[in-house]
Structures are given as C-alpha cells and as structure tokens.
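Common to both upcoming complexes is subunit A, partnered first by subunit B, then by subunit C.
Let's look at the complex of A and B:
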C-alpha cells in the first residue's frame, strides 16, 4: 500500500515539476509574443498618423501632428460666390505643430524616440526590425519584427496604410 | 473481560486503517486526475491566448491591406465601382502564418437602428447618411423640396452616402477551425482628388447634363456629376445649384434628391440661361456650368 502511495506521489511530483517547467517556458514565450504584438500594434497605430512618407529600412521615422494642436488644416471657408476664390486644400502644418517619431533597434530592444525626448523601449528580445513599402499598394508599408525566443526566432509581420502620407 | 475488549477494538482499528488507506489512495488518484486536467486546461488556454493575439495581428494586416487596395483603386475609379468580389476570399493565408486561415466578407447593406415608434420619423435605409444616420430624415412627399425640411425649417434632409462605405468582416480561424477571431470595420471612400479644373473654370470636373432647351412654362431635369481625371464619376457628392446672373431668362430650381445631384428646372420666362453647379469635394470648391439653355 505504502509502495503504491509512493509511486503515485512520485508521479504527481514529477508531473508538477515538469508542468512548472512547461509553464515557465510558455510564460517566457508568451512575454515575447506579447512584446512583439504590442510593439507591432503601437508602431502601426502611430505610423497611420504619418503626414510625411515614413522612411524604410531598419530605422523608420516620420512626422505626425501633435495631438494637442487645435488647428492644422488650412481649409478655406465656404464662399457663396459663383467663382471659387481658393480652389485648394493646403496642409498648413507649422513646424511647431509636428513631431518626428523614430523607431529603431538599440541592442535587443525596439525603441521609440520623439523629437526632444528620450528613447523608450517598446519591444524586447528583438532580432531584426524592418519597414518596407508594399509594392503595388500606395501609402502602404509592411512592418517585420523578429523576436528571439528560446533559441529560435519568430517573425511577426503586419501592414499599415497611411492615409495622410503624401 | 477488559483485556478481551481491548484486543477486539485493536483488530477492528487495523481493519479501518486499511479501508482508510484504500479510500485515501482513490482520493489521491482523483486529485491527481483533476490536477492533470487542470494543467492540461491551463496549457490549452495559454495556447489559445497566444493564438488569439497572433490572429488579431493577421486580421489587422488583412484589413490594412484592403484599405491600401481601396486607396489604390479609387485613383482610377469611384468607390461604388470597386470589384469587391476579387477581395472576398475563403481560407486564404499569408506565407508567414500559414496556420491562420483568412475569410473576407463584405456588404454594402449597413443596417441602422430603426426609428423610435410614434415619433413621426422614418426608418433609415441601409447605408450611411450625412450628417448622421441616427437622426435620419427625408422628405415624405416627392413634390416637396428634397433638401429643405419644411416641417422643422431646417437644412438639409439626410443625404445618402450609401455608395461611400462598405462593411468588411475578416474572420481568422486556426487549429482546424476550433478557434475563430473576427474583425469588423467600415471601409470608406479614400477621397482621391477630382480632376483639376482649368484656371478659368471653363473645363471642370463638375459636368452638368440635360436638354439644351426648355420652353417657357416647361420643365426638364438636369444632373451634375463630379469626375476623376479619367472621367470616372465620384459618388455621393452634394451639389449647390444656381442660375448664372448674366442669364437672360428666369427659372426655378427644385432638387429631386437630398444631395441635389438631379434638379428639375421650370422655366418662368424665355431667354438663355446657364445653370451653375457648385460642389465642395475634398476641401476643394469646384464649379461646373451647363451649356446655354434656351
């Protein structure tokens, strides 16, 4: 009886130990995936606000409008004259209404830097990072972020359309 | 006697210990099985949670791909003329994530909340309306001014934007269809620029068409269209009409729809008139003129 109980207890102990090891592995994997997906989503969301064409390569930067700015468009007021007075849509962004956002890899971190402030990491364990223009798609860019996890590299790919890019 | 009783209790107690040990073993076994199942469930939940995050990334990638496709296509054709069938795929996948299967469904039948009963309002037709589908209002009598709300003296009635938006649903499935992730979004006209008018506006992307003559007291319908540089029409624009002051005759103008893309001209006196159709599109004010109407 004691032998049987010992076998069962040993089995439970083995199972618990291996499960904890598996959980630790999955936790690490989950952190990597979460870091990569959050990094991709943050980058894509911010790139969507671009008002200049984002640069491609392993460092990508673009200008966006400072959210606290109240007026950035120089749309002329409607007129009721028969001849249009100003048939244009000028983007009257002043330099103090724009900021430059840069994403680049420093060490194993993908970092984000805004003009005049310090860089902050947005993803860890980064192997490679690259932004490319999608051929045949106007104003569309592909973001590739490869993460090192447990001796292997996992690549995350997303795409973003920048309607405000010229 | 006392000794005999103690011995009997001792034998009984040994029997109970064996039974307790067997029961305890079974309890341990059940606990072992329950723990195993909990561990297994924990691993499956972890796996499905990771799958959901990756599926979200795949779905968003496809949605952005469609946005880029709309922008590219709308450079040469109107939003209402896009070939959505080419984008409606079943079990498509990206090479980087072949385990995630993508299905794309689209529809222009965008349902709106019905009007509250006993308010005198009408149910909005499917699609988007300007300025708001929630406050949808339209002229109930076809002979009324279709732009100006006579009852509330407000301007204008809701304008249909039904050709400027499409509801897109992207479904991503994985693990042999065991899990599913859905992303729904409204894709809209990416407002590409109309053709550039000439400096004197004699050539304009706003094209007015209708008969060349209307006798005094008679009526005729005229319509305006805004066109892309390749002459494809841009849908859902709103037109403001007037008669050029230099005209010799007079006429009244009645919009036949809330966007006034078509109007009915009723001549009050003879003489040459020119209709002016003014459109504000993409922040740009553009004007088209009809030919001389006698």
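Let's look at the complex of A and C:
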C-alpha cells in the first residue's frame, strides 16, 4: 500500500515539476519576444520622428524636436491671413530645439540614449542590431533586431518611413 | 495561470496599439494627399481656426476596424497675394481689393491625427494613438513629427 502511494506521489511530483519547467520556459520565451517587439516598436516610432537622416549600421542616431518645444517654433499666429511677413517665417527648428537620440547595443542589451542623459535598455538578450537604408525608397529605413532565445536566434524586421528626414 | 493571463493581455494591448498607430498613419497619408493635390484644401471661413474631419476604416471583408480623425490647425495659414491679371503686385500695406490671379500658400500647418481601434462604429475604444505633425507648405516638408503615445 505504502509502495503504491509512493509511486503515485512520485508521479505527481514529476508531473508538477515538468509543468513548472514548461511554464518557466514559456514565460521566458514570451518575455524575450515581448521585449524584442516592444524594443522594435519603440525604436520604429521614435525613428519616424527624425528630422535628420538616421545613421545606419549597428548604432543609429538622429535628431528630433524636443517634445516640450512650443508649436510652430513659437512663431506667433498671424492676425490677418494676408500677413506679408509670413515668407520670413523660420521653417525649421534650430539645433538647440532638437535632441539627438542614439540606439546601440551594449553587451546583450539594446540601449537608447538621449543627449545629456544616461543610456537605458529597451530590449534584452540582443544578438544583433542593424539599421540599413532601403534602396530605391526615399527616407525609408529597415531595422533588424535579432534576439537569442533558448539557444535559438529570432530576428525581427521592420521598415520605417521618416517623413521629416531631409 | 494569472500571470499568463496578464502577459496575454499585455500582448493584446500591444497589438491593438500598433493597429491604432497604423490607423493614425493612414490618416496622415490621407491628409498629406489632400493637401498635396488640392490647393483649396482646407477651405475655412475667416473666423475658423481649425478644420477637422474623420474617416471610418473597414477591412476587405467590410468589417469595421476603427477610424482616424484629422485636425488641421489653420492659425498659421497664410498666403502671399500674387499678381493680378494685369501683372500688378498688391500693395502689401493695404492689400484689400487686390484681385490676384493666383495666391502663393505660405502656411505652416500643425496637424493632429488620432487613430482609434474599436469593435463597432459606436462603442468602446480599444486603443488610440495620437500623432502630431507640423507641415511646411512652402518647402512641402515635415518639420516636426511626434508620436504622442498609445492605449
């Protein structure tokens, strides 16, 4: 009787252990994929804000307008629609109204750095990261982010059109 | 199990956010084409300071996906009067009465686009994304582009 109980308990213990291992594996897997997709999504959304041409390679940087800047560069709205002074309006933000954003790989992390602040990781377990200009498509860039996951490498690819790039 | 539910919910929210961004980008493409093709767009009255419109978006099977709303701030709308039919340029100090053959647009348009994902035309919004863009009509160039967040 005791032997039978032991066998049943052993079986249950084995089953529980394997279930936990499976759950741990699935959690780790979904975490890596979510980390990579979030990283890609954030990078693509921020690259779309570029007002200079993003650099290509394993480190990419570009300038964007500081979000706290006053709209339309602080130009007062004209009081009369035929205001003759409008041709003299400044039509680009000055360099002190821009920040430089840089994405690069440090160790196994994809990190984001903004001028004057410390770098922060946006994706983990990164294997490779590369930004390339898409040939034949103006202002379009391809982002490739490969992550290592359980001895496998998964690659995420996205393309971004940057309307503000010159 | 509850942790798995949270993760699935987070993944779904992320996908919906990306859909909302796609709708907002569709709105940007729409307004960009309208501004590029129609010199009279947006047609506003003298006292109007913004112009907005909204479009529903359906998939190929006719299922409702969501909508986008475009708001063009026309406070920086400005034109320079061109010559009249005799070739005379306007008196800039007193342009009233000058009948220009063609006016030259000088505007800078701040444009806000909101993409919304919903299951039905009238119902809960599942996700929303806001884009803010400043377009210089003289050089036909985006001088500012901001992705103002999600969910």
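Convention: the second predicted complex is superposed on the first by the 132 of 166 C-alpha atoms of A that agree within 3 Å, B and C clash if a C-alpha of one lies under 4 Å from a C-alpha of the other, contacts with A are read in each partner's own complex, and residues count from 1 in each chain.
Operating definition for what follows: a residue touches a chain if its C-beta (ideal position, glycine included) is under 8 Å from a C-beta of that chain, and two chains touch if they have at least 3 such contacts.
The model shown is predicted, which means the values in this text are computed figures rather than measured ones.
Enquirer: Once the structures are superposed on A, label A:158 by its partner contacts, choosing first (subunit B), second (subunit C), both or neither.
Expert: first
Enquirer: Could you say whether A:3 touches subunit B, subunit C, both of them, or neither, answering first, second, both or neither?
Expert: neither
Enquirer: Check whether A:41 is in contact with subunit B, with subunit C, with both or with neither, and answer first, second, both or neither.
Expert: After superposition on chain A, A:41 lies in contact with both partners, subunit B and subunit C.
Enquirer: First (subunit B), second (subunit C), both or neither: which does A:107 touch?
Expert: neither
Enquirer: Give one of first, second, both or neither to describe whether A:30 is in contact with subunit B, with subunit C, with both, or with none.
Expert: both
Enquirer: Contact-wise, after the overlay, does A:116 reach subunit B, subunit C, both or neither (first, second, both, neither)?
Expert: Once the two structures are laid over each other on A, A:116 reaches no partner at all.
Enquirer: Now for A:138: first (subunit B), second (subunit C), both, or neither, which partner does it touch?
Expert: first
Enquirer: Can you list the residues of subunit A that meet both subunit B and subunit C?
Expert: 23, 26, 30, 34, 37, 41, 73, 75, 78, 82-84, 86-87, 89, 163
Enquirer: In the complex formed with subunit A, which residues of subunit B make contact?
Expert: 18, 21-22, 24-25, 28-29, 32, 35-36, 39, 42-43, 46, 49-50, 53-54, 56-57, 60-61, 64-65, 67-69, 71-72, 75, 94, 96-97, 190, 197, 201, 242, 244-245, 276, 278, 280, 282-287
Enquirer: Per the contact definition, I'd like the list of subunit A residues that touch subunit B in the complex.
Expert: The touching residues are 1, 4-5, 8-9, 11-12, 15-16, 19, 22-23, 26, 29-30, 33-34, 37, 40-41, 44, 73, 75-76, 78-79, 82-89, 134, 136-140, 155-161, 163.
Enquirer: Which of the residues in subunit A come into contact with subunit C in the complex?
Expert: 23, 26-27, 30, 34, 37-38, 41, 45-46, 48-51, 64-65, 67, 69, 71-73, 75, 77-78, 81-84, 86-87, 89, 91-93, 162-164, 166
Enquirer: Note which residues of subunit C are touching subunit A in the complex, please.
Expert: Counting only subunit C, the residues touching subunit A are 3-4, 7, 10-11, 14, 17-18, 21, 28, 32, 46, 73, 75-81, 92, 95, 106-108, 110, 133-134, 136, 138-139, 141-147.
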